[in-house]
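What follows is a group of structures, each given as structure tokens.
Shared chain: chain A. Partners: chain B in the first complex, chain C in the second.
What follows is the complex of A and B.
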């Protein structure tokens, strides 16, 4: 009995450093954010307790409009799941077949992930430029746009959000493709060979053998894509800075604006808490959706 | 041989120990004087001069880009740790929050030695409850720059002097295929550089100040009139169609490169605009309502400031250094055209560029001035105010909704 107790104490002692890190780096900031979200506070000076008013303010104030930012983030998450991931899967399936120049294509598709987001942002700003941007020049060349006309891709409130989504989806296709490619490569060749011997077509092989086999990786990709979309910040910041008139604002940009430009730490913290809750909720939902036997 | 080596090593150790003892104490200055900032040469000159003359201290500048700096200083002030000795700040509410939190050293003990060179007007924006907390550097006003070559192409050999002339000039420019105004729609503060002069020339500087302080309502005829003019200008195509997707630097370069005829922004651009050629001039924005405003009423004032943290190593010495630095930066900034001096001018100004000189002349004739709205208002109010301007610019709200919205949310 004494020996068993000592063994448990040892385990606890070994776990303590990691537990301390986990609490101080992850749990404490969340708890502190939840605490600050109940106060009116400029970041310095006295704090005034106002209950849940910050949570109602972020949805009712015309210049804050958290509802719109959440809608934007959810749209991005939907597009990531519906467009980005299937495209990444298609690329991974094609490359994993062992086509000529497989390694080269892998590197090329993965390259946008390695390039700094600011560089990508600047690159796409030039592509979208109203006067001399590649898109407008191409549209003029094929006659879809008049010589003196222009589409202000990142400045038109009706299309800026969609224009900003394109580089975001483009940048991370390679990332998801690589995850899925690694998964496909780990499929035991005897499984594929047996299926082929049974007269399975390529489409059937993908549908009934490979995709079910890499289900755990698909789950990880979906979680990364959805939570990444909810947390997106950098590319939108560079491309539109949340404008025009906050139409492309996502929760992280709104949170930054409230925290550091409006000096409203309470409202900023309320947005942070909502964002954390949403990310956890979606991660749980995705886990539930993928629940079941992970092996074939 | 071993003894010789040991002796040499011991001597080196002694010398390095002695030099370490003689080292100057390092003081840290946080600023926004990154490479692209117009004031950087003025900061560099001031630091070089101080370090050359001081036997006890060495001042090290740690610059951060403007927007990132706001985050950095606020986060450090919030934590109350990792603060520098001296820091750059904007006046009024920006510095006021730090003062209220007790993070800033009061300069009243050192100020008397420099009072002859600083007027009360220049100190007003950094004075809280009668105590002084900031050293003003430069003062800046919103300035309307014009490219006379482009105006000539539209048949204008002189700059427009009245509001009617300005509108006629813009119509002629549009007809000639020239974009009248460049503005950075991506940066809300740049939009306010257009709306605030419209407001000042419609309701007067005092009228706008009353709106900021709450003494008058935003929901008034003059505000609606000024903002209707702004939306009309947008509808008539007076602004670059690409404006909503552009940043300030792009807009400035488009103006200097001859794409737009006018550019309205801070007077810190005077040096750069003057260097671009003789075709560029600075003109006053014309009066819209002569009963309430005069030609030289302006938006601006002393705003760029140095302050000393309460946690500085030796706050009194740092305060003296801040004043010395402030005086030098004001002088150098004036000479290179990155701002008008907030300090008394007691040096040769013959090398000041012609545009800075003309703006200084306008300021000298000014009968009223109101600070930039985003500096006058508290950070929370400024965020609401700037976002309403962005909504107006994007056509999301009308001039009436702008006035009603600000009245409801700010007052």
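What follows is the complex of A and C.
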């Protein structure tokens, strides 16, 4: 009996470090976020229970405007799905066919994923710079921009969002390409050989054999692209920090602003909870969409 | 020559070797995209060695006329890149060690020790693969500030380890499954307890898992920006991404030293990538497929 008790204590001791980390950093905070989101609270001092008011406040208060941040994030998700993913798929299909320099191209395309977003962001700030940025220098050189004129790419309310999207989409093409490439490489060669012998063209082979075969990976890519866009923080933080006039703000930046500039922990938590709920909802929806559609 | 070998050769010929107009176009697009991926890094290294006059007027994208290595000295002296580099290293290595230890211990308890609920426990940990870090920001900030751990190494080591844990357990599961159970039994008959078996038999055989977990955790921690800007932006303990970001904000006008700072932050990643490109790519694929 005593030995059995000791065995159980040992099991618990082995689990303890992992359980401690996991519960204190992942599980408990989710519960706490949900709890905080129901209060008006400055982080210190009294907490006032206000029910779901934070959730309506973040949309109705002009100074918060969570609606705009969601719109920006969803727009990014849309661009990611209709431009970035198809391009990544095209690259993966071409590379996986076994062209010359396949490994080299693959490694180069993947490189931007590994470089710090701060570095990528700072480089693009320089590329976009109004006076001396490469984009403006190039435009001046070909005469599309006057010698003394400049476009402030990241500072103009009408174009900053689009300008900020470019590096974000650019950086992660390689990531999606890598996933899809791995998927295509796992297609049994007999399958494509048989199709080729039956007279399939390359387009037909991709359309009827390869793409259906890698559907599970495409699903993962779509989920990553959409939830990644909803959660995006790093590059926007570096490039514009949400400006000019909050036009490029995304939910995570708004959450940061509510916490540290508006000192509203309740609203910050509400944004976090909403964001997590949206990510799970979209992941579920995309799962369902891929399940329902077996005809591809 | 057997007929199947002949067939596969004709297949390869029709699929890959024909030089057509469209295959030339494909190559051109592939090369252009490769150049857009390489260009920012190339440009960073060249302007890190130039002065403003050269970058702005004489020579924006060419190789430097005079290689101004002083920019790197400036980045070190004014930008304290060496200090942030060390901070990043301490945080990343500690996170890897903590993650590895916690994951190996938990995996041992869930796969080699027999008890009810061990499968459930494993599923519980796998929840960690889907939880976004945003969920933790506010509560962790509150708790860390209460216990006085904001702006310390721990404010990053704990969260990084916790978020790397699920993947690490998954990896350890695979590696530990390959260790024969006979070894446990032999050690048991030699008088080892569960701790003895773990530290003398399992841990030495788990060394190959360390590199896989290490790569994965390194990639998660080294460039992380959200936790590091929120929990650890004080001067003493901040990591490279925050340090570079602050430096760039303070010295907007000095492009050369900024380029040098960016290069210093990028070089380790590039070296690791050149040495381990295949393993890194594999770990990303594994992470996506399992997650």
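The working rule: the second predicted complex is superposed on the first by the 264 of 296 C-alpha atoms of A that agree within 3 Å, B and C clash if a C-alpha of one lies under 4 Å from a C-alpha of the other, contacts with A are read in each partner's own complex, and residues count from 1 in each chain.
By our rule, contacts are C-beta pairs under 8 Å (C-beta built on N, C-alpha and C of every residue); 3 or more make two chains touch, one makes a residue touch a chain.
All values reported here derive from a predicted model rather than from experimental measurement.
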Query raised in the report: Clash or fit: how do chain B and chain C relate after the overlay on chain A?
Result: clash
Query raised in the report: Thinking of the overlay built on chain A, is A:83 touched by chain B (first), by chain C (second), by both, or by neither?
Result: neither
Report task. With the two complexes superposed on chain A, say which partner A:15 touches: chain B (first), chain C (second), both, or neither. Result -> second
Report task. With the two complexes superposed on chain A, say which partner A:61 touches: chain B (first), chain C (second), both, or neither. Result -> first
Query raised in the report: Once the shared chain is lined up, is A:152 touching chain B (first), chain C (second), both, or neither of them?
Result: first
Requested in this report: Report for A:131: first if it touches chain B alone, second if chain C alone, otherwise both or neither.
Outcome: both
Query raised in the report: When the two structures are overlaid on chain A, which partner does A:75 contact: first (chain B), second (chain C), both, or neither?
Result: neither
Query raised in the report: Touching A:45, do we find chain B (first), chain C (second), both, or neither?
Result: first
**Report entry** Touch count on chain A, higher of chain B and chain C
**Finding:** C
Report summary line: Superposed model, chain B vs chain C, clash-positive stretch out of 5-13, 77-85, 149-157 or 383-391 is 77-85
Query - Overlap of chain C and chain B interfaces on chain A (superposed complexes) - result: 43, 125, 131, 256, 260, 265
Requested in this report: Using the touch definition up top, name the residues of chain C that touch chain A in the complex.
Outcome: 7-8, 11-12, 14-16, 26-27, 30, 33-34, 36-38, 40-41, 43-44, 47, 55-56, 60-61, 98, 101-103, 105-106, 108-110, 113, 115, 121, 124-125, 127-128, 130-132, 134-143, 145, 158-159, 161-163, 165-166, 169, 193-195, 198, 219, 222-223, 225-226, 229-230, 240-242, 244-245, 248, 255, 258, 262, 265-266, 269-270, 273, 277, 280-281, 284-285, 288-289, 291
Query - Residue ranges of chain A in contact with chain C within the complex - result: 7-8, 10-11, 14-19, 21-22, 24-30, 32-33, 36, 43, 91, 94-95, 97-99, 105-120, 122-127, 131-132, 134, 137, 170, 173-175, 178-179, 182, 189, 192-193, 196-197, 202, 217, 220, 224, 227, 231, 233-234, 237-238, 252, 255-256, 259-260, 265, 268-269, 272, 275-276, 279-280, 283
Query - Touch list for chain B against partner chain A, complex - result: 70-71, 74-75, 77-78, 97-98, 100-101, 103, 185-188, 241-246, 378-380, 382-384, 387-388, 390-391, 393-396, 405, 409
Report summary line: In their shared complex, chain B is touched by residues of chain A numbered 42-45, 61-63, 125, 128-131, 150, 152-157, 160, 240-241, 243-247, 256-258, 260-265
